[in-house]
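The structure follows.
Going by the order they are written in, the chains are A, B, C and D; count residues from 1 in each one.
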């Protein structure tokens, strides 16, 4: 499987996807709304990306990107999917039904960034207390009590 | 969270117990809410965050040299390997060539750390199952490693020995001699471990067939390290994506197929022996040369994102740095092995007894600061 | 057959238990294997490794001279603002203004003993000391001034 | 053989010559109570210290070594600390039962001490159903544990108490059956008879392999009945924090702790009496010279030596083995120990009837 093949495969599903081959992993950039359908296809044949090893989010101040690192235990090839999420209404569909590990990782992202995952079975704060206000890993988060400005 | 009325109104004889945050078996501040029916576990729900320090946020304000020492505080039992992962990521981004000598030292240190970590796990796991004595035997050998570390790195637990471009100081003149002595000592002692715990009939009955995790689940839950390898998933990063000089040494990736606690136990015992093998191959062949590459005073990573995977004692640690070209990272994500392994605990413990939960948790080798970060 | 299996099972189990008991018994009757170090008693013989990182110290020689130029490299290298270098301007014999160290403030209570400051120091003015007994009754005593009163920079250190 | 009969009888005679029988009984009871409590305190302290030392040396440590020579007064210091501590009662607990439970456990342990022969002629109460009495009394201690677990209003305590209930009820059986083998061989339930029956050799050596098997089963069952590792499920530290005594503190906790060690002493004393001849010195058949030499060692030393040997054995188990799981514990009893001890009892009965033993 080459990058070209994946490109074509993704292009058929998500025409608006852009690709980035400069980094270590082959990166697919899509919009949040298209993520779920792409994820289902990537998990299925022929690529069988069955192992989601990292889920995270980056706050770009104008928008979020949720970053999914995928690999497959069959052909050992990692790809990255970056989904652009609206910052004012951060909403993306969950993939916890496809990869169970996403359940915890998405809860963490929800906890620290406030990205809501649609259809997540148990979307609650994972690390912070239930009554915590704000999302600490956002760039505009200010915690007057605990953060020490140097 | 459960309110009191919820517990009382529970009609189907279920008992909700809080295991932790202070509990002898959770080794730290993990909080599990377990639902019991009699002694049988119906559900395990982890509550995290008691030791969350937001290292990721902290690192956003630290330079690329400084953030390495913060990573020691995640999985403090394999602090060296965490440091190694961070250093590798920075080197990848800044395109620093690491001298051969430094690579050898790093790998030897990694493997020593792995043995030390597994020793502690072995003792603590036996303690979870009610045997107290192994803990002290494990610490006796672990002490030798920490003393070697102390001599060379200057610290015993959070060494901060790796710097971008190599290691901070050269190895101590006695280093090779002491490591060889340790290898000799350890080889005789590991058989004692088998006598005391592995072959013990009570221990085997407690762990065999307990906390079963199928191969599919292990992959789906993103389990790594001994947990995944016990289910037959080949996932040793040292083998699959070798870093530093792991491609030059020969060692076996220990694999089991049973997927139960005993398989996880055997994997870790085997890994200790493999680590000894790796050290034996390297210890006499450390090449002469620089221990540190010349680097710029202010390290800056080019714009882009960098991801490194290394194999810690607990599994795969991923360090993901997003750089905007500044001297500090824009965003750092640590993909910690314990976090994913813990998420499979519910699946593994369900249907077992309380004692099984402890056995399963023991073989998961959870380090809570690693989960919470 | 069932009886045979039953009995061999018991025999195997008993043997495995006995192996374990023999090991603990082995150590029980050999007091020399005890590894306990009786800490406050062995203080005189206790020697820490040369590189052991116990605290940051600034060595002064017999003439009360140190090697710190006040360049603040350590302050910049420190991950958690443990070090604060306060500098002043001194007049050199040629009547030029020269930056020099006034006070080297070291917050031991914040220090993670990572050793980055020592690594960063260009003149080797600070080192890691071997003392590890830092417990005090008053936390404020952990904020230390490392340069001794009246100390000066050694000649020739730039 | 040196006997303590002379001392006890002279006290009896001296008192009855001066006082009415009722007063004699009263005064003798007081003496016995004082002695028993004294023995309790001393035994508790020594056993705890011993356990810590045994554990330490097995774990290549030194153990207590600061208070007194070799740390012998460490346990006294700990007890003093526990006495001075506040005894908390949880808010939702059943106050009366919560405070009552430690005493139940303690009193049961004290009662079981009555028929034990500490030395030749030194026995509180030589009841004719001595063995039956001890096994009946010692099974009562589970009631104290159940009360403690239930009254604490703590889920850990409740689970621990329930485990303890299941455990002690099961292991009573095989303990009883292995005691029965000796009763069958001796033909008496009286402790003094059992001891005297071992005049020409201890049952462990006289009774062939079946008695050895009974002895092993008895030791296992005794370990389980006293809630000691590897059968310490009732307090299973890593599972239930402290099991039934999670909520206890201060002196009430100390009573549980003490009772545990007294119970160990009692079961080991019973084991020593039944299988190792109690205070009876080591005799070989009719070899008079050898037996005579052995008689020079006081009988109390024989008794305590044997008992402490068994106690050491139980401690050795504790510091070597992992804990069993609750279902495995019951499997061990019902699938292994019980059938074996039933079959064993049958064998012993045959031996006794045919008079095959030495």
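Just so it is clear, contacts are C-beta pairs under 8 Å (C-beta built on N, C-alpha and C of every residue); 3 or more make two chains touch, one makes a residue touch a chain.
Keep in mind that what you see is a predicted model, and the values were worked out from it rather than measured.
Asks: Farthest from chain B by Cα centre, which chain is it? Let me know.
Replies: Farthest from chain B by mean C-alpha position: D.
Asks: Have a look at A-B versus B-C and report the one with more C-beta pairs in contact.
Replies: A-B
Asks: Return the distance between the CA-based centres of chain A and chain B, expressed in whole Å.
Replies: It comes to 25 Å between the two C-alpha centres.
Asks: What's the distance between the Cα centroids of chain A and chain C, rounded to whole Å?
Replies: Those two chain centres are 42 Å apart.
Asks: Once you find the CA centre of chain A and the CA centre of chain D, what distance in Å lies between them?
Replies: 63
Asks: Which chain A residues reach two or more other chains?
Replies: Within chain A, the residues that touch at least two other chains are 150.
Asks: Going by the touch rule set out above, which residues of chain D reach two or more other chains?
Replies: Chain D, residues with two or more chain partners: 58-61, 319-321.
Asks: In chain B, which residues are in touch with two or more of the other chains?
Replies: Residues 133, 140, 196-197, 200, 202 of chain B each touch two or more of the other chains.
Asks: Under the stated touch criterion, can you name all the chain pairs that qualify?
Replies: Result for touching pairs of chains: A-B, B-C, B-D, C-D.
Asks: Quick check on the complex: what are the chain B residues that touch chain A?
Replies: Residues in contact with chain A: 1, 48-49, 52, 54, 56-57, 61, 92, 217, 219-222, 224, 233-235, 240, 304-307, 309, 316, 318, 320, 322, 330-331, 333, 335, 339-340, 342-344, 347, 372.
Asks: Once bound in the complex, which stretches of chain D touch chain B?
Replies: 55, 58-61, 155-156, 159, 163, 229-230, 232-233, 236-241, 319-328
Asks: For chain C, which residues count as touching chain D in their complex?
Replies: It is residues 10, 17, 20-21, 23-25, 27-28, 31, 33-36, 38 of chain C that touch chain D.
Asks: Can you tell me which positions in chain B touch chain D when the two form their complex?
Replies: Going by the criterion above, the answer is residues 15, 17, 23-25, 39, 126-133, 135-137, 140, 196-197, 200, 202-203, 205-206, 353-358.
Asks: So in the complex, which bits of chain D are touching chain C?
Replies: For chain D paired with chain C, touching residues are 54, 57-62, 65, 316-317, 319-321, 336.
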